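Please read the structure below before turning to the comments.
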Amino acid sequence: MGIHTYFQSLTDLERIIRCPGKFKFQEHSVAEHSWKVVQYAKTLADIEESHGVLVNWKKLYEITSSHDYGEIFIGDIKTPVKHYSLELRAMLQQVEEGMVAHFIDGHIPEEFKPIFRRQLREGKDDSVEGRILEVADKLDQIYEAFAELQKGNTEKEFVFMYRSALIKIKGIQLHCVDYFLEQILPDLVSEGSRSPIDIEQITKDALAS
Amino acid sequence: MGIHTYFQSLTDLERIIRCPGKFKFQEHSVAEHSWKVVQYAKTLADIEESHGVLVNWKKLYEITSSHDYGEIFIGDIKTPVKHYSLELRAMLQQVEEGMVAHFIDGHIPEEFKPIFRRQLREGKDDSVEGRILEVADKLDQIYEAFAELQKGNTEKEFVFMYRSALIKIKGIQLHCVDYFLEQILPDLVSEGSRSPIDIEQITKDALAS
Amino acid sequence: MGIHTYFQSLTDLERIIRCPGKFKFQEHSVAEHSWKVVQYAKTLADIEESHGVLVNWKKLYEITSSHDYGEIFIGDIKTPVKHYSLELRAMLQQVEEGMVAHFIDGHIPEEFKPIFRRQLREGKDDSVEGRILEVADKLDQIYEAFAELQKGNTEKEFVFMYRSALIKIKGIQLHCVDYFLEQILPDLVSEGSRSPIDIEQITKDALAS
Amino acid sequence: MGIHTYFQSLTDLERIIRCPGKFKFQEHSVAEHSWKVVQYAKTLADIEESHGVLVNWKKLYEITSSHDYGEIFIGDIKTPVKHYSLELRAMLQQVEEGMVAHFIDGHIPEEFKPIFRRQLREGKDDSVEGRILEVADKLDQIYEAFAELQKGNTEKEFVFMYRSALIKIKGIQLHCVDYFLEQILPDLVSEGSRSPIDIEQITKDALAS
Amino acid sequence: MGIHTYFQSLTDLERIIRCPGKFKFQEHSVAEHSWKVVQYAKTLADIEESHGVLVNWKKLYEITSSHDYGEIFIGDIKTPVKHYSLELRAMLQQVEEGMVAHFIDGHIPEEFKPIFRRQLREGKDDSVEGRILEVADKLDQIYEAFAELQKGNTEKEFVFMYRSALIKIKGIQLHCVDYFLEQILPDLVSEGSRSPIDIEQITKDALAS
Amino acid sequence: MGIHTYFQSLTDLERIIRCPGKFKFQEHSVAEHSWKVVQYAKTLADIEESHGVLVNWKKLYEITSSHDYGEIFIGDIKTPVKHYSLELRAMLQQVEEGMVAHFIDGHIPEEFKPIFRRQLREGKDDSVEGRILEVADKLDQIYEAFAELQKGNTEKEFVFMYRSALIKIKGIQLHCVDYFLEQILPDLVSEGSRSPIDIEQITKDALAS
């Protein structure tokens, strides 16, 4: 039924809550997460540019804004499930891609199909833009987990989320990663110093691992 | 570390919302759904007994109360995903079982392991109790979808949920299914007569399909 | 109008919130509480059976799953009200029973009336099953109050709830009570050690009282 | 320990939801209801004064603002329970008064005790102010039920609430009741004309009963 | 179209949340805040009367119950905006008054227009009643901010709210202010002693400033 | 203190709800709205490009993702207030810009200040990108209002929102506006045909005005 179906579907991501099942002081929808990722990526790309790196802003726009669109079809499957086995992970990825392809075939007008196929693919490739997306996505995981730890949430999942995102980020080669580790992370850690949970130690352990 | 871990985990099912992503006038947690399934199954089993069928209440208790416990580990994966392919479905089932097994191995004391392995397995087998569970589970899908249709929710997913649950139920050989189709369903349909959506027609089509 | 009215009424217990009026980090509906009671009771009964006690699973199923159904008619009346005077308590019990009886008379088909009268009565009698239900009900009170204390909720009502449930449980003669006090409670207390509230001391006081 | 305890307790009425158990498109806390009653009563008293009736504003202030304070102790007990028997109703009233008295004895400083005893008593007596409070209280019941009926809520309880409040109001001798029936109610009914529920007919029936 | 429009509009204040944007453990609607202000003002006026001050209860009723009605038209504009410049503040005040006047002109029947113009004006003048309203309004700001600080909310805005309300109150000449500072505030501060935030120090600083 | 302050502030837009005060079946945060605007703008820009128009994607990225960031400081001021007078509107705009400038001065490191000044300015200028942003912003207003009208929400504000957004859009010279009016709007209108509100007529009136 055309672009209308696509536009109308966007609101569904306002009703998928991240990290389902665990107690949270504050909930975040996938739409809210997606917007924050768009925002982080913008500043991360600015940092890259300031080091002379060429950024393709059109590509960055497309992959960051749409990076979780596929969750409309499969929901926010729990991370441990996604990482259960390489085989399952590949199959879930394939299902998501199949459902997105099926949606494009059935709803998107012919002239836009190639555009949507490009936009709604998995964007985390090895390009500068793909790596910026990866960092931005993990950055939101850090901020969401940090806000819970800071308020004294004792669910171990948030320690795991914080720690694994930090480990992922520090392994990515980008100027903005250096900037984050040196200029942003210390501010964040120092703000968490009144928490009953030792965020500084968790951070040190993750960076040393 | 022991039964405490199991008891404490139950509250996680209060925070997994059924049918994520779609607009709903009323949300239901998996814990709430589970309780309603326990209740329906009790009356369905009473109907079977009144026809002279022997019901194993201990088994019924175990499989109805725990039937969605595995969602603690994998979340409420969207139905279309589950039915994407037989291969994926089998693999997801295997993941869920693997994670439940891993939980039992790591947390349940030795003397209770056999009990938990029996209780937390998939309960929808061909026994009377397994079939009652299947009917009770689908019955709640009917009630949840009906309440949305009755209030004028135009999301097609609720027509699909209502219709597919009805088709599933009518194919199961049980006295309580006859009772439901003859004594309960007509009351429900007549109550939906003021809805802007033609629930009666949807019902007729499903029963005739 | 028949069993439909009963089935449809179950969803009302999803909208009655336990412990109304007090600030809570996490809310629980009566339906969610009821499901957790069903689950605890199952494991408590397994413990009894492992000590050679005979459990009537049909009775246990009936009384645990329906034990708060009457709240559909009277709501979650505050505990201090219930305990205001023996006379008032008896009268409230009588009202609840009267409204349940009135519901059965008006809505349940003739052939099921005896079954529903048995199922929807007060189940906390002196039988093994009645005592297991009492323990399971108080166990959920402990877990709900503990989760608030652990997060630093300073409402005195949660100390009172935790303490009074513990005192009630320790006075009940069951193998599963011994198991709870020896194997489960220490794990729970040790998990609460980071709370600004001294849960260990409250526990000791309650056990010594 | 003093007035602080009283001031701090007020926030508890923000967490008691009116009409628990039934599906509602919009929830109202007892605090919100109380504020609307204060507002209605003000205009109703203005109407009385414009007919030359003398209004004691201090008394009106005291009884409208505090009229549901006792629900802090007993919660929002369901209306059918309150009306179950005259005996029970009297006893519940007595419990509420007893708990309020107990609160005043234990927390309010000596010099304010007489003031609080006067303010926190049941205010719906036969005085002009007592009758205005009764009308204002029922007026909010009408507005809350009307808003549900207008949106197509098919729960019978809202028809009952709307109807019984209207019947109660029309039996009270006040100029403002005439004004309400002649000048306000017709506007309200005409606004409900697009609802799938025949609000006009329900209104006519109630006024004729 | 008449008083109905006014009565019906009241419910809009149930959906305007105070202090938007900042993380809060507990939200408060403007309607709930308004009710608490009515309640505080009552006791504050009782204290004034006990010192022989004459209170105009009709005026107090009118200005406390309606003091935030104008937010129906302009929303809960953030405090820093209101205080950005005297010019902006005056203009926003003027807009609010213009919209209230426009509402009265268009909806309130001729005979009530003078009454509504008096009631819906800004009530915080230099009269005893105006000063009591100012204290009551700030008192709720203290209680709302205190409840967040006590639970460990680290948003600086709540320290600012608590502190600025305290400074405002202590500058107002009323017997009830003395009573609050001497009899109520110490109880509140001592209750906050377990918070990770040093409420006592913040209080001392504010009182000394 | 640096970029951390900026990143952390983003979550505040998850807690500012659009269209405060009015009854809504579904709430939307400013963060969710912002993400949908980013998404619409992407497809609108694709349409422009398909007609040979040159789009500056970096600029589009910056102005769409940040277009409501200023609401962190001033909240979601009600539309009627914004449009009360040209003078007030200019002054509010000036306040917002002043607060954004103050934030940048106080928190953003020297080397990023020029970038943030460019990104956080008002983006709705006469450029292609500025006009696309205007259309995307109004498009979300249409979708949000439509979803309410479709469910039978009788608040007049949603008719006003739907209508005024449509009128605004049709006055903007862009290929994507033609596409929207010819290809997307008819699908939307036809989907609203079962609503009790005559969306088709409202649409026709708006397009003809």
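Some points to look at:
The letters A, B, C, D, E and F name the chains in turn, as written, and every chain counts its residues from 1.
In this text, contacts are C-beta pairs under 8 Å (C-beta built on N, C-alpha and C of every residue); 3 or more make two chains touch, one makes a residue touch a chain.
Quick caveat, the model's predicted, so the values are computed rather than measured.
Between chain B and chain D the CA-based rotation angle works out to 120°, given as a multiple of 5.
Homomeric contact chain A/chain F is classed as same-residue, with over half of its interface positions used by both copies. Mean C-alpha positions place chain C and chain D at a centre distance of 32 Å.
One inter-chain figure worth recording: chain A and chain D are separated by 50 Å, centre to centre, where each centre is the mean of the chain's CA atoms. Note on chain placement: the centre of chain B and the centre of chain C lie 24 Å apart, centres being C-alpha means. Shown for chain E are the residues that touch two or more other chains, namely 11, 13, 23, 25-26, 147, 152, 191, 196.
Here the chains touching each other pair up as A-B, A-C, A-E, A-F, B-C, B-D, B-F, C-D, C-E, D-E, D-F, E-F. Put simply, chain B touches chain C in their complex at residues 1-8, 10-11, 13-14, 26, 28-29, 31-32, 34-36, 38-40, 42-43, 46, 50, 55, 57-58, 60-62, 65-66, 109, 111-112, 115, 119, 139, 143, 147, 179, 183-184, 187-188, 191. Every residue of chain D that touches chain B in the complex is listed here, in rising order: 23, 25, 152-154, 196.
By the touch criterion given at the top, residues 11-13, 15-17, 20-23, 71-78, 80-81, 84-85, 87-88, 91-92, 95, 98-99 of chain F touch chain E in their complex. Residues 25-26, 147, 150-152, 191, 194, 196 of chain D are the ones touching chain F in the complex.
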